[in-house]
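Got some structures for you, see below.
Here subunit A shows up in two complexes: once beside subunit B, once beside subunit C.
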Partner chain A sequence: MLIEMMNVSFTYMPNTSLEQLALQSINLGIDEGEFIGLIGPTGSGKSTLVQLLSTLLIPTEGKIIFEGQEIGKDIDPRIIRKEVGLVFQFPESQLFAETVADDVAFGPRNLGLSEEEVDLRVRDSLGSVGLAYERYADRSPFSLSGGEKRLVAIAGILAMKPHVLILDEPITGLDYWGRTRVLRCIDELNRNGMTVIIVAHDMDEIAEYVDRVAVLSEGQIVLDGRPKDVFSQIDYLKDIGLDVPKTVELLMKLRDRGFNVTVESLGMQPAISAILAAVKEK
Partner chain B sequence: MIQLNNVSFHYGKDKEKITALNNIDLTINEGEFAVILGPNGSGKSTLARHMNGLLIPSQGEVVVDGLSTRDQDALWQVRQKVGMVFQNPDNQIIATSVEEDIAFGPENLGLDPKEIRKRIDETLKIVGMENYARHEPHMLSGGQKQRVAIAGALAMRPKYLVVDEATSMLDPEGSSSMLSTLKQLNKNYGITVVNITHISDEVALADRVLVLSEGRIIKDGPPREVFSDLDELKAIGVGVPKARLIAEELIAVGLKLPRAILTIDELVNALC
Partner chain C sequence: MSIASGFIAGQYYPSGSLVHRADPRVKLLLVIIFVLAVFLVKNFTGFAIVVVLLGLFVYLSRLPVILTLKGVRPLLFVLAITLLIHLWVGGGLRTGIFVDLRLILLVVGASFLTLTSTPVELTDAIESLLSPLKRIGVPSHELAMMMTIALRFIPALSTEADKIIKAQTARGARFDSKNPLARARSFIPILVPLFVSVFRRADELAEAMEARAYRGGEGRTRMHNLKMRSGDWVSFVVVIILLAGMVWVGRLPIF
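Up next is the complex of A and B:
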């Protein structure tokens, strides 16, 4: 097991009148190479959870184990910050350098690496997000499209060579092309072995990519499993303020109207086949 | 009525000049619920910022109820008529408590404290944040902050509300309740709503859809009419409502379905 959260709780501003319990008794294990979608309505504690995983916050109760070592006890949280790369919401707002290459180089330079190694990492990480070094390195990040800016921000995190990549709402605010491009890039990183956690409130596009979905509601993990199992809980998810992918919603509604459909997969093509089969049968 | 007469807008100068809006002619009528769709970089936000005079056209004129945004003396009045809500609430919230934030606008109008209190309570209720009046805004989630920003705009009792990508940070329940709030404001209070978005699933609620591409309006009509030609929309990077995509796939393999489907419920009814 790569990361294990054991009975973790977190309270903002404890012992004040504004005390707010954000997470309660979280038990969550993350295996090497997993691709996890973390979903929940606004205010459910998603961002708090990822900040705990990347040690920007320290649990008020419970412990987090990274590769068998307890963070803060057996291992310094600063080491974990290099291992767990966190891409914040709207990371492009943190771009600042004059060129794409300088922006991506910022992290590795701060690690005190040689310029040669820094350059190598910049090339590698721009390559990993599908931005050709020759075409993008010298451009101003501010001249890029929304999706490209976000890819540069992701490359900046990859240049730190993290073990785990956590992305908070990585496709929010992007248009159709931007979303497709960023999702394909993340999928590719996972195929190449990176452990990935995507935080989202809308699973419609992400559902087809992840192997596992964990659902947060009011600071607790209420569902955790394969996407098709989690999304079959359509009524429950709607109750807590979440949607299911449109394909699932359609199949479920058809089933309620007497069609014989099974929700075996979340993708478009399986849904089409299931509908066709059911329509012919009727 | 908000009129854009032959409006062009350029960022930068000379060689670096980028044309964000290119000869836009557009009238938003009173009582309309309009959606402006377009990919990133198509000029949506630039267009929104022209509607209340945050940006002044490089060429042409924007006229709100007879007042030109070029007229410095009228600008205050224009901004009272046209409320704006932006994508990122962190840039819009200024006070240290939710209720003070909402009070900021009305206080500047010199309203009676009782009236201000009334507007705070009323608008927080509309956006479902009545239990958060005394909370600190920076402790709220992104979606909650966005609701506070909308309440702040509503507290000014605007005639027009321009909403720039305001649902993109909300969860599905938050965004559908926001959309139904906008619809209610439009229907029950007669507020004209211009919803600027790239989420195509939001068009089903609108009376009118405008599609922006490279600074020009390339489509303008009722949702079903605008979404009759999907290829053109896809080519410019405007997504198509998922229900419609599924319907098209089913039509392609031989099912007989109407071409006007925009929501899952419409598709379910067509299949039954």
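Up next is the complex of A and C:
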């Protein structure tokens, strides 16, 4: 197991009048190469959870084990920050350098790498997010479109060569084009072996990519499993204030009306084929 | 110390006292007059009266004394230097102590005002007090609006700064370099995104205000109208008399 959270709780501003319990007894194991979707309504503790995983916050209770070593006890949190890349919400708001290349180079330079190595990593990571180095390297990050800015910000994290990539709502606020580009790039990274955790509120787009979904509600993990199993709990999910993917909702409704549809895959194309098959059957 | 720690000097401290409920214009004017009066006092008896008066106001406003003194702390260095310069260059101990006392009372008086009035009350008071100057072209409403917006954005910006610091930390940024130049440089990745977001927010706010047909103070009505009640008039006159007496005693040729 790559990362294991054992009985982790987190309280903001403990022992003050503003004390607020954000997470309660979280147990979560993450395997090498997994693609996990972390969903939950606003205020359920998603952002806190990912900040704990990247050691920007330290658990008030419980422990987090990274590759068999307990963070903060056996291993310095700073080393973990190199291993766990966290892409924040609206990461484009952290861009600051004059050129795209300089911005992406910020992380690797902080790691104290040689300029050749830095340059290599900049080319590499811009390549992995699908931005051609020759076209983008010397442009100002502020002149790019929203989707491109976000890809540059993600490249900035990838340039640190993390083991695990965590993205907090990476497609929020992007247009259709931007969303597709960002998701394709993340999917590609996962196929190449990277462990990916993606935090999302809107499940529609990510449902077909992830191979596991964990649901947070009021600071606790309430569901954890394969997407189709999690989303079959349609009533429960709606109860805690979550939307299920529209394809799932449609297939479920058809099944309730007596159509013989199988909710096997959550993508748009499989759903269309399933519906066509069921309609023909009738 | 538990109340004072984590409390920023000059932050509003709600206690619902008589002073808190008073018209902010009265408080603002009285504090200005108080500061001027403190500069007219020229003997120790006078300063003793100032301290007693100020103590009385603090008692009436039910503020923890330590909060009113909190603003003095960052000033201690300046106070010490002032005193030393007076001893060295001339002017003597007496003038040195007077200058220090005036500085302390000035700061305490100002924090007394902000501790007992919300920022919105204060800007309303400034707008109202400046409004007679509109005739000679002083944009009193606009000035007050600018102050309100600036105050309103302080918490938003500190949240934003916090987020950017975290994001850059996740990219390995460090802000603890020993070299002052390197340390100053390490703040660029925070300041640039912060400025970008400030300008963006300013733009968005301006558009949102225009979309709601905001066009300055002309003909605007307000939700909370400042109204002088009889109690406000009475306390205004009483405090003025007290301050006048204080100045009179403070200028007598006694110790």
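Operating definition for what follows: the second predicted complex is superposed on the first by the 282 of 282 C-alpha atoms of A that agree within 3 Å, B and C clash if a C-alpha of one lies under 4 Å from a C-alpha of the other, contacts with A are read in each partner's own complex, and residues count from 1 in each chain.
Here, a residue touches a chain if its C-beta (ideal position, glycine included) is under 8 Å from a C-beta of that chain, and two chains touch if they have at least 3 such contacts.
Quantities reported herein were computed from a predicted structural model and do not represent experimental measurements.
In the three-chain model built by superposing on subunit A, subunit B clashes with subunit C.
In the superposed model, more residues of subunit A are touched by B than by the other of subunit B and subunit C. Looking at the shared chain after the overlay, A:L158 reaches neither subunit B nor subunit C.
Using the contact criterion defined above for the overlaid structures, shared-chain residue A:G173 touches subunit B, although it does not reach subunit C.
Judged by the touch definition given at the top, the superposed model places A:A271 against subunit B, while subunit C stays out of reach.
Contact with subunit B, but none with subunit C, is seen for A:S47 once the two complexes are overlaid on the shared chain.
Of the two partner chains, subunit C is the only one that A:L86 touches; subunit B does not reach it.
Chain contact summary for the complex, subunit B toward subunit A: residues 39-41, 87-88, 135-136, 139-144, 165, 168-174, 198, 234, 237-239, 242-243, 245-246, 249-250, 253, 255, 264-265, 267-268, 271-272. Of all residues in subunit C, only 160, 163-164, 166-174, 188-190, 192-193, 196-197 touch subunit A in the complex they form. Subunit A makes touch with subunit B in their complex at residues 12-13, 18, 20, 40-43, 47, 89-90, 145-147, 169, 172-178, 201-202, 204, 241-243, 246-247, 249-250, 253-254, 257, 259, 268, 271-272, 275-276, 279.
Partner subunit C is touched in their complex by these residues of subunit A: 51, 54, 56, 81-82, 85-86, 88, 91, 93-97, 106-107, 110-111, 142, 156-157, 160.
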